[in-house]
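Naming follows writing order (A, B, C and D), and every chain is counted from residue 1.
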Amino acid sequence: MKKEYCGLFGVYGHPEAARMTYFGLYAMQHRGQESAGIVTWDGEKIREQKGMGLVADVFNERHIGRELKGDIAMGHIRYSTTGASLLRNAQPFLVRHGDLRLAVAHNGNLVNTKTLREELEAQGSIFQTTMDTEVFVHLIIRHLHDNPIEEAVRLACRRIKGAYSMLIMANDKLIAVKDPNGFRPLAIGRLGDNYVLASETCAFDLIEAEYLRPLSPGEMVVIEDGKMHSMQMFEELQPKKQCIFELIYFARPDSYVFGEVVYERRKEMGKVLAREAPVDADLVMPFPDSGNYAAIGYSQESGLPLELAMIRNHYVGRTFIQPTQGMRDFSVRVKLNPVKSMIQGKRIIIVEDSIVRGTTIRTRVKKLRELGAREIHMRVSCPPIKHPCFYGIDFSSKGELIAANHSVEDIARFLGLDSLHYLTIPGLLSAVSRENEYCLACFDGNYPVKVEDSAGKMCLEDNGGRPGIIKEYC
Amino acid sequence: MKKEYCGLFGVYGHPEAARMTYFGLYAMQHRGQESAGIVTWDGEKIREQKGMGLVADVFNERHIGRELKGDIAMGHIRYSTTGASLLRNAQPFLVRHGDLRLAVAHNGNLVNTKTLREELEAQGSIFQTTMDTEVFVHLIIRHLHDNPIEEAVRLACRRIKGAYSMLIMANDKLIAVKDPNGFRPLAIGRLGDNYVLASETCAFDLIEAEYLRPLSPGEMVVIEDGKMHSMQMFEELQPKKQCIFELIYFARPDSYVFGEVVYERRKEMGKVLAREAPVDADLVMPFPDSGNYAAIGYSQESGLPLELAMIRNHYVGRTFIQPTQGMRDFSVRVKLNPVKSMIQGKRIIIVEDSIVRGTTIRTRVKKLRELGAREIHMRVSCPPIKHPCFYGIDFSSKGELIAANHSVEDIARFLGLDSLHYLTIPGLLSAVSRENEYCLACFDGNYPVKVEDSAGKMCLEDNGGRPGIIKEYC
Amino acid sequence: MKKEYCGLFGVYGHPEAARMTYFGLYAMQHRGQESAGIVTWDGEKIREQKGMGLVADVFNERHIGRELKGDIAMGHIRYSTTGASLLRNAQPFLVRHGDLRLAVAHNGNLVNTKTLREELEAQGSIFQTTMDTEVFVHLIIRHLHDNPIEEAVRLACRRIKGAYSMLIMANDKLIAVKDPNGFRPLAIGRLGDNYVLASETCAFDLIEAEYLRPLSPGEMVVIEDGKMHSMQMFEELQPKKQCIFELIYFARPDSYVFGEVVYERRKEMGKVLAREAPVDADLVMPFPDSGNYAAIGYSQESGLPLELAMIRNHYVGRTFIQPTQGMRDFSVRVKLNPVKSMIQGKRIIIVEDSIVRGTTIRTRVKKLRELGAREIHMRVSCPPIKHPCFYGIDFSSKGELIAANHSVEDIARFLGLDSLHYLTIPGLLSAVSRENEYCLACFDGNYPVKVEDSAGKMCLEDNGGRPGIIKEYC
Amino acid sequence: MKKEYCGLFGVYGHPEAARMTYFGLYAMQHRGQESAGIVTWDGEKIREQKGMGLVADVFNERHIGRELKGDIAMGHIRYSTTGASLLRNAQPFLVRHGDLRLAVAHNGNLVNTKTLREELEAQGSIFQTTMDTEVFVHLIIRHLHDNPIEEAVRLACRRIKGAYSMLIMANDKLIAVKDPNGFRPLAIGRLGDNYVLASETCAFDLIEAEYLRPLSPGEMVVIEDGKMHSMQMFEELQPKKQCIFELIYFARPDSYVFGEVVYERRKEMGKVLAREAPVDADLVMPFPDSGNYAAIGYSQESGLPLELAMIRNHYVGRTFIQPTQGMRDFSVRVKLNPVKSMIQGKRIIIVEDSIVRGTTIRTRVKKLRELGAREIHMRVSCPPIKHPCFYGIDFSSKGELIAANHSVEDIARFLGLDSLHYLTIPGLLSAVSRENEYCLACFDGNYPVKVEDSAGKMCLEDNGGRPGIIKEYC
């Protein structure tokens, strides 16, 4: 079962559609650094450019300015933690069927593709990739013979289960769909007379588009002839199950996601933390930049001074030079260096946004001890992550989920802390605007959509019933 | 007259001297991104590797692990704003003279090399570069016939005028010198049994070396046979004239420079600012990351909340894709995006570390206005920069010095601010530990060392007596 | 209708299967420089690496030594003259269907895929590429449900029409097939205990494999469990229609192709030319290297001295520097420079292997005139090419077929020759061992397999009934 | 003592001087593949671009079209077999001295630079490279104070000993000099109204310049204000001692060198060989391409048929894939593959231009035996190379000189030949036009210019008096 962070961007009717898509993806690069792709439609031909690596590496001016012609475009960036990071798996996924040129870009993770795939293969379908998306495309094509494309997409959506926000380009139509629980974000904006779509609104800001609203769960939006039509694909409304991790950690703080301002929610989580777990200390500090905003909230609520006492080396990039044996924890130290005089003799509160494996944090805490910190307390702006996500967040990218198998006391001891507090689930929900609209499965194990694929189930079983890290099936 | 920011690193007696130098330079990359070089001595042969670009691009494991043999090494990183960014001008500068292999790395700017150069050419010297350093090397060689190397270096230092911290490798000796005013930083540290030297102590932190002390003005340190000797090169002590811009802007906040903790001095400047120019507002924010530490100081002193409301795109790198005509101020917006909800209707204090040309700041202020900021006040943590620096800080990299020709009121109007305050000179001096030890020429025009070269003088004259931007002579 | 030169290589049971395939492709690089791909099977997993460019650029030691695991491997190199040189179209073409991993590499061109494609799309198939090969793979899968893989391949082969030599890897089986007319070459060899397959035997020479025999038309060879089985796929034998252009021009002179030694056949063509069209002259020379071997034959038969008087620049590669306006015919001159003293005042016979568009030859002849050649006669070792090839040779790569629309006299005048003679068809057939076994359609227009696709037909019609250059349909 | 093959090119007065120089170097790439450099003068400024690698890799359109401004240009390509292949040693060598910008490009090897260097160092000179050229430049500068540049160059030439053809750019003058024995080639040509200079005339052919004449030994040519002046630098004429290896092996066959047509001289050497050492055989063949032209001569004189039976892989380039252990002699086989049917049962005469170490030839002979050759005779178009060259040909690039220590019989046995004959010295001289004008030191040990440097002498002594391979001193 593959897990992917991804970013989507689409634009309809812009004379420089590929260029707008390029910048939209560029602004959302944090959502996926493994591969990038753009497809365009110029009224006659579909064109594509995909490659491994960052947006700035995959595309050049020749691609954007000359080759990717057309005023409809959509793009995708992908992050995958599996070994199978192949160009073959880069998106958008493009097929030709008669006169139809169909491209699909997908953010999320389906939970019944294994079953669907076997069913399709029995009917003669062949697959070139391991992506859920290819299954979805086959479903569209199977329904296309008796139906217009919109209906074929709707019928395909009703067969698949799990989390998906998708963009679909079908010749001169641009279609966006969201699953009935609304797991993953997707927003609509306006750029002059044209519609734009993006996973996060920071993409709109860069191209100076105006944010209109998020897509609703189960909604299908069709842009055609410059006009946008919306429909609900499902008869029965499902409860909203938006991914709260987008707010805690994943989205950019300057984005709107699910209609929320990410920056403000993170600060609010810090404030709740300060009320839930106050401690007498000399200063509050984040491990930059992930904990910055919750730390601001904690500092403002507690009245303790905020310090940015871990200094980032702004030029850290890929280096192929290895440290010597004696240079322990080099890869941790090279990124952030503490300011000794701010640490020595101090009682410190560190605010972090999450703890997954904990090894990096442990190294940093140890370094602070060596520099003479008197007390080190940690406050985490989310509850303990005890369960894997089947809907598109890959915690395995950071290794084992430490909270799945260890008590908070054990974790505090492992990390070398004087105290440790995780934000409670009620505390977390009090920090967001509408508390009933989020998926909390990674905290409480209540999965809103059943995982049908045996692969997923097996993995749970393999792990002695305890949820663990799910690997890709081959 | 060339101006250079630079970084120096040296190590004596370490089995992986080149590797330590690599990491030392890597930690100081902010001091120069144009070229990098390392030389080593293995008891018999000198070896060098230099190249254009970042440290991580210039060196690979083959260079560091195999080719740059020896237990004495020194390295240099360079930043130059002139068109003449040639590999030819990369340092360390290496010459062969009989059995002597001599390498010199220089940080700073000399003010009498034109005169010296003409004198040397009259004696038959030839020059391959336009660097001050080549003149210095010729002076050493001229004195070498009757003197040991230490004495030749001392005599050469007495001929040159201006700002210099230098490392000199002369076969198995590693020598460090600082000019009699001590303009530019250079620190001594200890790594196990070995001595290390670096422009900033953040280089020591990365390789876990211990910081001992800064070099004194006029001091020469010779490391030989594992031992360090120190001497004063000049009979008469000069007043300390350390570059206060290292503390305001240039050095990393986690470094010690001239014995000061940079982070604390910047925070203190922010506190003084808050006392000098208080204003009623809703929040204090920096333009990241340069204003971060002064903004913390201002927030703590004023009691106003600190917000990090300009969000950095962490993946901004080189992109060769051009924005469209309509995308105004793209290059400014792509780096930092404000969080709209933090700005709208707010009275904002922005803390910056300096204003050179002002155009970027102006664009950002305009953007904040568009997002609905009610009031925008700016507080700058240094006095107005009115005079060019002849000792190694190249303000021209940012274009015209706006404060040289405009009043504070004019600048505030140009930037679109409700109010603008620069830290006063007495305020600045009150924020550092020893207020008599700094060069303030860029603020008050009192140049502690006379600029002898006609190039420098001409430029001043060309400018109608008013100091301006000095260009390189060819 | 796409035309491709291609090279195939396969090996079964070798511990370094990917490495052998790499070197096999490397030896056949002249058959395709656009893209290269290798797939391997290790008993459990299929692996692939494909890329644009030369074999040496697409693969590195990590791919060959570590990632492409398994003792069965096959590879493909491709040359395409169309704009659609996409990685997407690189081969081998790989699909997953249930537990089956199927890879196909194809050399040749089919003539009924448009029809088949429409039929398959009507049944729900989707296509990701414009390659014939994808159609073939769909056909295999459609037949797979009731049949073992060998039978599915055989049934698929009976649906397709045109020219094909193909390698098929189906989990642990390696299958080779050739069309019933045997248009394109494919040879079987032995490397220790293992079987190898290659388009040309020069691939065997490099890895020191032993050449066994060519595949027969209509033959299917299955290698499984280290054993090879052969079968005839078609009930009725078709006449052999081997591509005589492999012998004239395309294959390497050190290869066996269709059981013939290419070098000897080319020399024989030159001898027949000398008998068909003798001329009194001072010397015989080729335009290297294509005419070398026929020129040797002409010289030996005529007794006139052979000179290699056009000197190749061995370092000509990609240069991005443009010549000036005044430097006419630069791209022709940069490759070959005549030795003036060998040309001046001489009566010269030039032996060439073919004339397609004629513009390069014209430039060279003009240059020889400028250097003072007294007479220039050209002898061409093949008949005039008057008709397009639908079976896999893309004459369009060199532009218009000059002989399709012009008389020999016109061509001689265009090229600036004193005389011009093309080898006659009977002369050509007398130079090969078995004269009834070759396709001569490009000379006489007798197409042995009817072109069904309307694309092909349309193009003929578009051209006013006269055959011309066929373009790819989109 | 370094040995270098090199190529020089200069042009005066051309509006695209850098572009002409680029193409001139490109045509002579066989003379040096290690580094390339071009300098230009635009009346005010000197500009340079140098880099490691082929001409096509070192320069791009930006360099040639924009940066290297000016209508005077000169360039250099270099080949060095020593480990010290550093960019630092790339030429032209450029210095600044007062207002003078001086660039020097050198082909050849001096024999008294060690002495001169010590003398110059005693006067305060410093050296940045190990190149002879730097010594020469110091000598020019030392003489410049009392003399115009032409006289300073002349006086410098009179101090240096050995082999040199040099181009010197001194602001708006372009100067060419040749040593009094005329060891290395340099030719003058005309391109429209402008003068051009090149090591070989194939450079003229590419840019369509007209060849005028070779420089004479001891001649200095000064191009200034569009006019050329010539003078003899030495009072007493020395005997011509041109490097006969340029004719045998090094120059391109389409070049004029020392006034000779290289192609014709090589063919003549083959004819003399056929007369000196006839043998009854089935065919004559070269190992391409070095033996091609002598083989043609041998074939024409003997009447035996010429075959090009070793086929080159035209796509052999850098591959980083290693063959397996079992693949013996891979690197030899990958370049040339014999045509088996031309070898089997045949009596073969192989014509080669030289034998240095013999290992590659041995492998090829063994391969021919394996393919069934009945007899293999080798004829070599030069006498045995028994002595090192001190004037610029680096035999060490091919390893040990096999003929220095072994008899012809021993060598024939080592190579596995049925017979072996080397061209005799009288035979060689009979094949060139003026037999008294060549240096034969590598054959007979009579060095026309004494090697003064102890380095050279020591190496001879180290080798027990027998000449061997000379290594670079450090």
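The definition used in the following text is that contacts are C-beta pairs under 8 Å (C-beta built on N, C-alpha and C of every residue); 3 or more make two chains touch, one makes a residue touch a chain.
None of these values were measured; they are calculated from a predicted model.
Asks: Please report the minimal path length, in steps, between chain A and chain D on the chain touch graph.
Replies: Step count on the best path from chain A to chain D: 2.
Asks: Kindly list the shared contact partners of chain A and chain B, in label order.
Replies: Common neighbours, chain A/chain B: none found.
Asks: With centres defined as the mean C-alpha position, give me the chain C-chain D separation in Å.
Replies: 39
Asks: Rounded to a whole Å, what is the gap between the Cα centroids of chain A and chain C?
Replies: Roughly 48 Å, centre to centre.
Asks: Measure off the straight-line distance from the CA centroid of chain B to the CA centroid of chain C, and report it in whole Å.
Replies: The computed centroid separation for chain B versus chain C comes out at 62 Å.
Asks: So which stretches of chain B touch two or more other chains?
Replies: Residues: none.
Asks: Linking chains that touch, what shape results: line, ring, star, complete or other?
Replies: ring
Asks: By the touch definition up top, name every chain pair that qualifies.
Replies: The list of touching pairs comes to A-B, A-C, B-D, C-D.
Asks: Give every residue of chain C touching chain A within the complex, in rising order.
Replies: Residues in contact with chain A: 45, 48, 87-88, 94-98, 102, 118, 121-130, 137-138, 141-142, 145, 474.
Asks: List the residues on chain B that touch chain A in their complex, please.
Replies: Interface residues on chain B, with respect to chain A: 16, 19, 22-23, 26-27, 29-30, 33, 54-56, 59-61, 64-65, 202, 205-208, 252-254, 261, 263-264, 289, 292-293, 296, 299-300, 305-309, 311-315, 317-324, 326-327, 333-334, 337-342.
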